[in-house]
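One chain, subunit A, links the two complexes that follow: it is found with subunit B in the first and with subunit C in the second.
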Partner chain A sequence: MSSRRIFARPARFAAIAPYVWMVLFFLVPFAFVLKISLSQTAIAQPPYEPVFALTAGWDALKAAFAALSIENFKLLVSDDIYVFAYVRSLTVALTATTLLLLIGYPIAYGMARLPKSWQAVAMVLVIVPFWTSFLIRIYAWINILQHDGLLNQILLALHLVSQPVVWLSTDSAMYIGIVYSYLPFMILPLYATLAKMEPVLEEAASDLGAPPWQVFWLVTFPLSLPGVGAGVLLCFIPIVGEFVIPDLLAGSNSLMIGQTLWLEFFTNKDWPVASAAAIVLLVVLLVPLLLYERLQKRQLEQGR
Partner chain B sequence: MRKVSRLSRFNVASLALGLAFLYLPILILVIYSFNASRLVTVWGGWSLRWYHEFFNDRAMIEAAWMSFRVAVSSATIATLLGTLAAVALSRGERFRGRTLFSGMLYAPLVMPEVITGLSLLLLFVALNAERGFWTVTIAHTTLTMCFVAVVVQSRLGSLDRSLEEAAMDLGCDPVRAFLSVTLPLIAPAIVAGWMLAFTLSLDDLVIASFTTGPGSATLPIRIYSEVRLGVKPEINAICTLVIALIAVVIVIASLASKLSSSQGESAAPL
Partner chain C sequence: MTDELPKTHAATGAADGDASAAGRPLLRIEGVVKTFGTFRAVDGVSLDIKAGEFFALLGPSGCGKTTLLRMLAGFEAPDEGRILLGDKDIAQALPHERPINMMFQNYALFPHLSVRDNIAFGLKRAGLSRADTATRVAEMVALVKLEGLEKRKPDQLSGGQRQRVALARALARRPQLLLLDEPLAALDKKLRENTQGELMELQRRLGMTFIVVTHDQEEAMTMASRIGVMKSGKLAQVASPRDLYEAPRSRWIAEFVGDVNLFDGETKLRDGHRLVIGTRDAGTLVVAEPREPVGAGRFSIAIRPEKIKLSRRAPVSEAGRETMINSLDGVVADICYLGGTTTYKVKLDTGGIVRASVANSARLDVDAYSVGQQIVAWFTPDDCVVLPS
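Moving on to the complex of A and B:
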């Protein structure tokens, strides 16, 4: 038996503790979300019924099962507020991801073309903002975008506008916030594929007479597609469920689904509807999630 | 042969603009935290007034202390579990339930936080657990161990496996080979994983809001409720302190990884 296979046996045992943890705190909770999404709201603590009590005996349990209903899901598809929230979440995520790709690609491309020793520095510079708090970064933008904030002061001083522009509580503020917060997630996977690319390929194309834009479009971009895919998924999926950024920067007249869920849960104390909204959100994100998992697995587990 | 210039003017411009975009807002926030004026938009000279205000704000200090304790404990548990998971995935070859295992580990990386937070809260309510320090710690551990696992796994994947195999050919049992050869080599990634888990926990608002109980707000929860009411210079001061703490953590992390990687390189040829 090779030493590699002997090594594998105890390595498998290492899975036990994290496995149990993830089943208990990641997988099992979804069962509760599903169950409560099928329950009814009640003025009680916890605020839903039926409540399962395993000690109450078989008949009580059967009665509880019979009381489950898909009422909440019917509400979600029939009430415009929720339908709009899902549609808005998807449009915002799609628009923001497109913006991120357009802004992130040139930066990643510039990084990959730096001399090798500078690339490491540039990478650290891109990662560092990702380490500073999300909330702080949004707050930094509130400072800049507020009525008499820096942006308006600069615009006024340059005579680009004659009176302060309203930035806060608008979609543009929200897009600025999203792009700002997610930019490192877009840049890093793009950079990773671009840096691995053989420069000879581009040189060959240009030696054969291709103008720069053709070199980019026919050689560079197709080869960077795995990075594009990773960056797009890494941004799109969490943006669909984003709460903090739209809550603090966008107006309150059209909500994203993350905000609706939050509102139902914390303000209306309607746990069953919040749970049903979470289940629907999960179903909407299932395909991108599975794509992302496959990509991640390929990257980490097969030869890189 | 014509040498293609690698770095065009367009490349330089996009890099410079990109980095300015990433750093200017934070820089402005830090500068205004030293502003003497109550109006956040008017410069009234340098002052430490808002830091003073923060240190006299009991509720804020308590929240900061709570966040710090949660971050340290959840990062430590997450590093332990995440490293074990990474070892199992990159060295365990095939085992039953492997697909489910890696699926559970990669999903939380992108899963919207509202879903993770809500589902954990419903679990805690069903278990009748008292919500506070431990429920937030468990929630943060669940999220951050996945990040640790990815960081450590990518380091394990790039490691030369013949080193472990050589140790075993020389008579080490697998556990010994792991502890004396593999572990020192992946130490920088483990340190980086801990730091990442620490900052992610310190940063989290959504999951903590769902899983905490009354009376045990974390720092982001307090900051969030203040920010909703508008810009306050005291918040700038707190944010600057958090940024400073994270900067210290990053410097320590990079020093630690430099130290152990230079050791690792000198150990490698042996």
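Moving on to the complex of A and C:
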């Protein structure tokens, strides 16, 4: 009772905080971007029109509203460049997330089954790369993957290839970069669920006649699904919008949506189209998020 | 392995009958050793379990009883020794290859599966058809009285219901041997007592062989037909509950199982089948010579509190003096009323303290003793157990 009274006021503030944050740093900027996406380019400052001038009076505002149109969205749907960019982004994200799950799951499982004292060490090892700037690590990969880079030297020394392999500016290089960068985001939520799971459940399955692979598929994996969901979302969503890794490591013949956005903004100076592309991206990403949330809700309902 | 499951209870019984007819135990543990690092958790245990037995492994925590059980289930492999089920050495077999099932301490129910799917888990692994699985699940649900709860998830059940699901799940495959790891530890007292009775009833009805691990001696005494007491990785004594209580083999067992008064002393005289032993705390005691004769030397005399009678005055008649040959004068120091019985702590004139447990057979006990009262505590030579010191 007393603790509830002591914490009542701070708790109320803490409960409001996320909403304040959402409004200030998500909804307000989103409104700006939405407005720009409904505008047209103009050689002006800012480079679009109409501009809402609150001092110009009621009629001017009405005129500005009337000038808004969904032309940019029509363009996005009709122009192949954008459609391809979206499809490519989703394909890359899907492939990379699958790779991440296949690589991250065994690592997370191994970590969760280590003796307690070693788990902390493994955790540090997973997080340590973050101590170096992300950009520097990607440039390091350029070094490793280039024509006379470390990877080719090793492959040549082991006589696995007779000629240096072209890595840079290929999709392989991009996938290496993405998997490398996002692996901790896959491992950590998986590890958290797997470490929480009681090993005695696996023993029970084994005791009831399940060989090891069935123990995994019927008990371990289903129970780790919340971690799988979190890891997949944490990787999939940012990878769809990924800009730096494909820009530095992949070839320039097919662009992801992040790169297309960058082009529209900084090369073409077409803010309205770029804004429209950003909004469509957001909507596309909302779909898996909502699906995940519904899945979680259903799991919760089943649990009661 | 799994499809060798016997088809019916009757078949299980018949198979067990054959095994005992041949004079072979169902399970034979031979010189099993398990070490963790330098710690010998199980240190050379040999034990035979007959088909249809309800056997309890009893011991304090860390005595190795759980490790022994885990070796029977296959979660640990023994470093030395053999584990024979029938005439097959299963010491190195994996858990899923053994016709043995286990009921886990905290039940280890699969949280993502319903009651029905938990019970069906082992049946599906055994390759039973859908129809057979459904029939067997229904049978098990009825057996443990869980009708109507089949669709619930484990976290929607009470502790007692979860315990039943765990039992049904372990019994569903009709194992040759059922292992129970502290099966009742998570239940409250009243429920525990009821469940003890149900477990015994079930075991008798199914004719199955149960091995239960427990640290609760009362639970072991109530349920088991035979008890193995473990201490530091070794079997200290294997006996029926009665023998364990009335004829413990060592001072440690006497103290571990139940309450006991212990007096250390030396043999002074041998008089036929009686020994006269001089003790420091209780003077001279006359005790019956144990079945296996003991030589001279130091001994401990163990007397259970309920064997000690209290009386207001020393006997006058000759016959009375003979019955009350071990009479100790003292003063009531403490009284502990427990409902069914009352425990009196008597400070002896010779210096020791003796605890006597007296049944409260009358509701209105006008004769009750009071603290500070002069009293005589007495017991017969046959009530004493002579133990090596």
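Everything that follows uses one rule, which is that the second predicted complex is superposed on the first by the 269 of 304 C-alpha atoms of A that agree within 3 Å, B and C clash if a C-alpha of one lies under 4 Å from a C-alpha of the other, contacts with A are read in each partner's own complex, and residues count from 1 in each chain.
In this section, contacts are C-beta pairs under 8 Å (C-beta built on N, C-alpha and C of every residue); 3 or more make two chains touch, one makes a residue touch a chain.
Keep in mind that what you see is a predicted model, and the values were worked out from it rather than measured.
Once the two complexes are laid over each other on the shared chain, residue contacts for A:Leu208 go to subunit C alone; subunit B is not touched. Look at A:Phe32: by the touch rule set out above, it reaches subunit B but stays clear of subunit C. Judged by the touch definition given at the top, the superposed model places A:Val219 against subunit C, while subunit B stays out of reach. Shared-chain residue A:Val200: touches subunit C; no touch with subunit B. Contact with subunit B, but none with subunit C, is seen for A:Leu248 once the two complexes are overlaid on the shared chain.
When both complexes are overlaid on chain A, the residue A:Asp80 reaches neither subunit B nor subunit C. Overlap of the subunit B and subunit C contact sets on subunit A: residues 203, 206-207, 304.
Listing the residues of subunit A that touch subunit C in their complex gives 198, 200-201, 203-211, 214, 218-219, 222-223, 302-304. Those residues of subunit B that touch subunit A in the complex are listed here as 1-2, 4, 6-8, 10-12, 14-15, 18-19, 21-23, 25-26, 28-29, 32, 40-41, 80-82, 84-85, 87-93, 95, 97, 101-116, 118-120, 122-123, 125-126, 138-139, 141-142, 145, 149-150, 153-154, 157-158, 161, 164-165, 168-169, 174-175, 177-178, 196, 199, 202-203, 205-206, 209-210, 220, 223-224, 227-228, 231, 235-236, 239, 242-243, 246, 249-250, 254.
Here subunit C touches subunit A in the complex through residues 2, 73-75, 94-96, 100-102, 104, 106, 108-112, 121-122, 125-126, 153, 155-156, 169, 173, going by the rule given at the top. Put simply, subunit A touches subunit B in their complex at residues 2-15, 17-19, 21-23, 25-30, 32-33, 36, 46, 103, 106-107, 109-111, 113-114, 122, 124-126, 128-129, 131-144, 146, 148-150, 153, 180, 183-184, 187, 199, 202-203, 206-207, 233-234, 237-238, 240-244, 248, 258, 261-262, 265-266, 271, 274-275, 278, 281-282, 285, 289, 292-293, 296-297, 300-301, 304.
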